[in-house]
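Take a look at the structures below.
One chain, subunit A, links the two complexes that follow: it is found with subunit B in the first and with subunit C in the second.
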Partner chain A sequence: MNPVTITIDGLAIPAQEGMTILQAAQANGLYIPNLCNHPDLDPAGLCRVCVVKIDDWKIAISCKQPVKEGMVVSTEDPEVQRVRKNTVELLVANHPMTCLTCERDGNCELQRVARYVGLEPTDLNRYRRSVRSLPMDRSNPFFEIDHAKCILCGICVRTCDEIQNINAIDFVKRGVASLIGTMGNKPIAESRCESCGECVVRCPTAALSPRHRVQPMREVKSICSYCGVGCGIRLGVRGDQIVGVQGDRENPVNGGSLCVKGRFGYHFINHPERLQKPLVRKDGELVEAEWDEALDLIAEKFSQHKGEQFAALASARITNEDNYLIQKFTRAVMGTNTIDHCARL
Partner chain B sequence: MNAINTPADLGPMRDYCQAALGRQKVRFLVCAGTGCIAGGSMAVYQELQRLLSERDINVDVELLYEGKESDAGVGTSGCHGFCQMGPLVRVEPTGTFYTRVKAADVPDIITATLDENSEVERLLFKNPDGSRSVTEHDVPFYNRQQRIVLDKCGTINPEDIRDYFAVDGYQALAEILQHLSPMEVIDIVTASGLRGRGGAGFPAGRKWLGCHKAGGSPKYVVCNGDEGDPGAFMDRSVLEGNPLAVIEGMTIAAYSVGARYGYIYVRAEYPLAVVRLQKAIEQAKQYRLLGENIMGVDFDFDLYIFQGAGAFVCGESTALTLSIEGKRGMPRVAPRPRTTEVGLWDKPTLLNNVKTYAFIPDIIRRGADWFKSIGTESSSGTAVFALTGHIANSGLIEVPMGITLREIIYDIGGGIPHGGTFKAVQTGGPSGGCLPASLLDTPIDYDSLDEAGSIMGSGGMVIMDENTCMVDVARYFLQFTEEESCGQCVPCRLGTKQLLEILKDICKGKGRKADLDLLYELSHSVHGGSVCGLGQTAANPVLTTLRYFKDEYEAHIFEKRCPAKVCKDLISFRIDEEKCAGCTLCARACPVSAITGEKKQVHVIDQSICIQCGVCKEKCPTKFSAVECVSPKLVMEVA
Partner chain C sequence: MAGLATALGSGAMTNSIAEISGAKTILAIGTNTTQAHPVLALQVKKAARNGAGLIVANPKKIDLCRHATIHLQHRPGTDVALLMGMIKVIVDEGLADLDYIATRCENFEQFLASLAEFNLDAVAAITGVDQELIAAAARLYGSEQPAATLYCMGITQHSHGTDNVWAIANLGLITGNVGIPHGGVNPLRGQNNVQGSCDMGGLPDVYPGYQKVDNPDAQQKFEAAWGVKLSETPGLTHSEIFDKIHEGTIKSLYLVGENPYLSEANASHAIEAMEKIDFLVVQDIFLTETAQLADVVLPAATFAEKDGTFTNTERRIQRVRAAIAPRGEAKEDWRIVTEIARRMGAPGFDYNTPAEIMAEIAALTPSYGGITYERLEEGGLQWPCPTIDHPGTPILHTERFSTASGKARLMPLSFRESAELPDNEFPLLLTTDRSLFHYHTGSMTRRVEGLEQLVSEEFVKINPADAAHLALVDGEMVQVSSRRGTTTAKTKLTAVCPPGLVSMTFHFAESPTNMLTNAALDPIAKIPETKVCAVRVEKMTA
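This part shows the complex of A and B:
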């Protein structure tokens, strides 16, 4: 890729052929407001908030416009400012004003662009406000869809298509009636959605939001314990409870992606019925025991059997290395090839 | 003769068809355009058939082709354009032109034509001066027109390919297959100056060249017959009246750009056009004019019909190709490759409007210079308009580019009916603008209309008289675009909605001082920020009415007054005590019983009940004219 130099608001910045203006700006730490862009996805160019003027004549959207050597970009041209501000005003005029109780307050892309374009109450008062009153889709046990907060950026649709290849959701209806929905606009739980939540984490607003939303006090890096893939996760911890899971974007294994279990299936950790200690059957009753006692018992019992009397069932929830050891133990120590494991969770 | 096995077969085929039709002494052509059918033309057609067969004379067209003579025949034709005067019947070869024909008129027509060699006077078009016009050419509506694409609509039977052969059909294709290379054809189209008739006026030759040069196969030729503008029916009429001209034009295009397959995108609301196209395609296949080895030469082209579901936005080229692919019809976002390079199924695709293709056979046969000599320097040829609204002669017209709005409205359209005054003309449908009387001398071409703030568009032309509220007109068009926006981009989806809400408020007397600036500002942002032509032009009705009729906006906002007395929330009806004769007609007609008064006593409207329907004003006999409409609203007296 050939290096090129472009100018953004008078600042010469290095970029690479094939980059878009927005990518070049971001790579150089410059903020161009945008809503429907996401680094993991192909640019869509729908929100029109990232407009810039190029070479002093043409309005273009920076998320799709490729850079060219010597290109002069203005993000503060009066026409650009007007289009951008009016566009954000239109979105805000159609958005609920419930920020204080909204789960994305302070972490919302719409708030961010609104602050950037500098919305004044007087600007907003000029508009006819209207907020959609569509029922929320609460059919999914892990997340809910609030159409009133949706800005129709399409990030969720592209995520489900480009990243998950599932295509459970799409735009439904047309014009102002458009909404994010499933085939036949059925509740999402009745669609082919796998509840991976990839769309939820990318939604720039609280239109898609998890049902259990307790803010963590701190985060702990860990590895998902569900399967041998070993996705990197960040556990949200509050007190001694795990209150949420995020994919770890820095982890080379999953790059931040998670499946439904890794992302939403953490409640077993603090569940009162979760086994914390081994149980040993004494006089027909299972009673708690210490690990040493339990392992001694197992060793004693194992040594009484060999060969075809023995079978082992391993688990997909342990690591490859552990599974290797179990089969080795089964074959070499217990003398049988009868070893299997639950191939799915 | 039932196939064209070499291009050279076409000459004899034409002669054969002409001869066959010539064997028929008289031919009654009943207009079977959608408008006339709705007016009852099929009953006229059946009655003609029935009575002629009773007379025991030969009426079967097939017999003509077997070399038999016939005294009279009946056929259907496509739309003549003068829909307002339909059902229309044309008698060949005299060209006698009957208007508003009913089945009951048929005996008179037959007697006059076959027995008396005369005309049925009462069915001839009546000119404003009282005289009667015998043929179409004598009718002012027609004699200022110059018909090229509409020429054969109304004179040939669109369901019989032999009629098309008789009027030089397929001569152009035969000519190029014998003598011209694809590049030579493209050169002719370029030299003709033909610009796309779908609205934007992109030079056709340049588009063809782009597709010709594009690498990739197979290539496609697509015809845009979506025609979603409210009130427009030009493309429908061409598809119904002369479908083979479009098919021949597309075949020539396919030869020129190297396309193997073609699609005609027609909205499903045009069932008659679909049927006629199906028949035309079938017949063209039978005659070796579609399919493999067309006219026996090494050139294959297959054509399919795709029925659109009626979204206006699917007329946009990239949304249209996505729609054919079975996807959601949403315009692709720029920067993007051209459709000529990456179009249908991501292959090079030539996409033109119905009329653009329909011009092609004539341009090839008569030459680029002939076409270029019509119209203006930058816009050659003719333009087709659907003339509607407050106009004496509404219908479909074809005029040379460069003709002024005044000539169209007064000479062809016959002016404003009922002694009304002209107020504005709207061209270009929802993407166009409203032009005032001061611009009546604007010539009709792409550039002049653009300069005036409107557009040529695909050809709607709505005439409005003084009883039209321009704020209400802007509201009407915004309502349309708001509903038809695909919704993917914010400025269009929410901008049209916001503009509409503001306009609705102004019409209700709830306009605010800041609204004028906001309308202006938002209009520019919706224009500058939207993805496709729909959003980019959606504010044109607002901008032009603001530009030319700002005083009306101001009257609504500041005086709560609707000067045209249209906006219901700003008007009241009142009975003049001096004039009311107490005839009780109004009171009996009022749907909400808002009027009280004894017989022969002055009547009174209770303003708290009145719904401003205006029925009382209509009912009040002209000799009294006691009901008047006032704006602003009457202040209600509080008891």
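This part shows the complex of A and C:
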């Protein structure tokens, strides 16, 4: 790819041939308002918010327009401002005005774009229509769909197609009746959706939002404990509870992608049935005991059963350090090599 | 894993996950990737989307078939015939990489001789796959390179699982696809740290780093490090342990983070052993079906409550970090072991942190020699990583194989049937698989309300033709029996299973599938044949 130089609002920036104007701007830390663009997806050119003026004559959408050596781009041309403000006004015309209680308040791409184009209270009334009254789809246990907050950017549709290759959702109906839906517009839980939540994490508004979401107080990087792929995750912590899991985009294994178990299957950690005290069998029943009692009993019994009378089954679920110590204990203390684990199951 | 180690010198994924999307051809055999390894499956789908040829070899019409160029729907247990048949086409049509074979492989002459029995007529008869389809798959794999093979338990859980793995290695070697970017022979490990627990010597015949216990040098090294005399006799494997409990030899079993009550093939044999044993200690996060049989149950910490490392299927060692404190009085597994050892008066268990344990691992395990917690802060490292300045190894065998000669061994093979085939009494063939929404014996996922809401029970997947023959309707509760046991579950009529084949998962305690499965073992890998057994499906007797 050949390097080229373009000018955006008088600033000369380096770019690569094959990039779009929007990609070149983003690579140089410049913000051009946009809604339907996502770095993981092919440009779609649906929302028309990223319009710019090229070489002082042509209005183009920057997410689709390839850069060319010497290209002069304006994002503040009066015509650009007028077109994109009008576009945003139309987008918010039927959007619910419930930002304060919205899951995405402060982290909403529509809010960001509206602020950037300078939407005034009076602008909100010009095209104002009633909020779409479509029932929310709460059929999935992990996320819900609120069509009233949907701006039809299609990021969810393209995520399900381009990344997941599942194609559970698509645009349904035409014109003002357009909405995101499943085959036959059935509830999402009755579709082929695999509940990975990849669309939810990319939705620019709260049209797709996780259920029972609690904002974490801090995040801790770790690795998913389900299958052998080893996806990087960030565990959301609030108090002494795990309240969410996010994909770690810096991890080379998954680049942020997760499956349904990795993203949503963490509730076992805080489950009330977790074992919290040792149990010792007394008169046929397992009853709670102190650690000292349990460990003394184990030490006594194991001491009687050294060598070929002892076997250990370690686990493919626990850490390397855990496993190392169990095999060291088996070999060095119990005097046998009879240690195995569930690798074959 | 033992199979791949014999052929190539190492029993792990030869390449990295991120490379898969760059392959020109992918053979996915014995892996229901979108269900068992969904994020890795994204790479396969991406490759297919970019125009790579995708060959799915699976007795069932799995989800991945939607993206496949060719679906080889072979009869379960006939993988050796299918793969050797493909290899014969490749050799006969001059598609074999003879330079690669000459410089990188040995045993080619004997191997060629063993191909004689795999002419396409014979292979088509054994596998039930159309000759032309097999030939087309062979030509695709043999000509569009790099070609990567992915495989999983559908290959290994057979009484001839080692032969299956050798056949896969043969195919990769004969076409020169091992040791190159985007190619390779890639076993997908099922559990988060199954690779690591093997690496750490959680196996009866090897110390950490696959150093043989019957090798005097290795024995001396560990005796010196640990300050004790060690046994040179390899120990017993999983299923042999339960046999020896029945015989009364083994009197204490220390069982950590595992639920053989549901996961063991022919489970009732294991359950009776655990009921019978003198002293059973179970260490887990929940009171599993297995823990309920224990004499002592120890509460363990989850991955979110401890520091440590997991090693993933591509040999990448990554840091796990404590986000919260262990629940109640639960403790990290490593800490529990040190406390037992100290109470028994054993020296050498005075660790304060997992980082100290890793330092000892690195000192004794050549492939982990360069691993420290400081380095892992920057991201994971793929073994072999022998020294502190080594960058890790994304691709194995790029120059030489880790065998004694440095060359890979082509393995002559012959076809063997599965241990138990359908007959008049048990006319259907049962294979086991996994659901996307649950994990292993379900002790974690079945406690996640949402997952349970999506899928909460077992289904016997059965072809509509078989169901019609048995007068069964969709969703009807049925009884499934084999020579070893009986279970019940609802039917799901689906063309995913061809006629004659039924399929169940083993996530649900209410429908314990492993009561049915056959514990016939592969003679080398000692893996049970949970992928093939004969069953009977019947209406419930009211």
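Everything that follows uses one rule, which is that the second predicted complex is superposed on the first by the 275 of 345 C-alpha atoms of A that agree within 3 Å, B and C clash if a C-alpha of one lies under 4 Å from a C-alpha of the other, contacts with A are read in each partner's own complex, and residues count from 1 in each chain.
Note that in this section a residue touches a chain if its C-beta (ideal position, glycine included) is under 8 Å from a C-beta of that chain, and two chains touch if they have at least 3 such contacts.
Computed from a predicted structure; not experimentally measured.
Novice: Is A:Cys47 touching the first partner subunit B, the second partner subunit C, both, or neither of them?
Specialist: Touch status of A:Cys47: first partner only.
Novice: Would you sort A:Asn323 into first (subunit B), second (subunit C), both or neither based on which partner it touches?
Specialist: A:Asn323: touches subunit C, not subunit B.
Novice: Does the superposition put A:Cys224 against subunit B (first), subunit C (second), both, or neither?
Specialist: A:Cys224: touches subunit C, not subunit B.
Novice: Does subunit A have more residues touched by subunit B or by subunit C?
Specialist: After superposition, C is the partner touching more of subunit A.
Novice: A:Cys259 contacts which: subunit B (first), subunit C (second), both, neither?
Specialist: Once the two structures are laid over each other on A, A:Cys259 reaches subunit C alone.
Novice: Check the residue A:Ala60 against both partner chains and state whether it touches subunit B (first), subunit C (second), both, or neither.
Specialist: first
Novice: Now for A:Val117: first (subunit B), second (subunit C), both, or neither, which partner does it touch?
Specialist: A:Val117: touches no partner chain.
Novice: Output check: A:Val83 vs subunit B and subunit C. Expected answer is one of first, second, both, neither. What do you get?
Specialist: first
Novice: Check the residue A:Phe171 against both partner chains and state whether it touches subunit B (first), subunit C (second), both, or neither.
Specialist: first
Novice: Which subunit A residues contact subunit B in one complex and subunit C in the other?
Specialist: None.
Novice: Mind pulling up the subunit A residues that touch subunit C in the complex?
Specialist: On the subunit A side, the touching residues are 141-142, 162-165, 189, 194-196, 220-232, 235, 237, 240-242, 250-254, 257-262, 264-271, 273-281, 286, 291, 294-299, 301-305, 307-333, 335-345.
Novice: Taking the touch rule as given, give the residues of subunit A at its contact with subunit B in the complex, in rising order.
Specialist: 44-49, 51, 59-61, 64-66, 79, 82-83, 86-87, 90-91, 93-94, 126-128, 130, 151-152, 154, 170-171, 173-178
Novice: Taking the complex as given, what residues does subunit B use to touch subunit A?
Specialist: On the subunit B side, the touching residues are 311, 313, 328, 330, 333-335, 482-491, 493-498, 501-502, 505, 512, 514-515, 518, 521-522, 524-526, 528-531.
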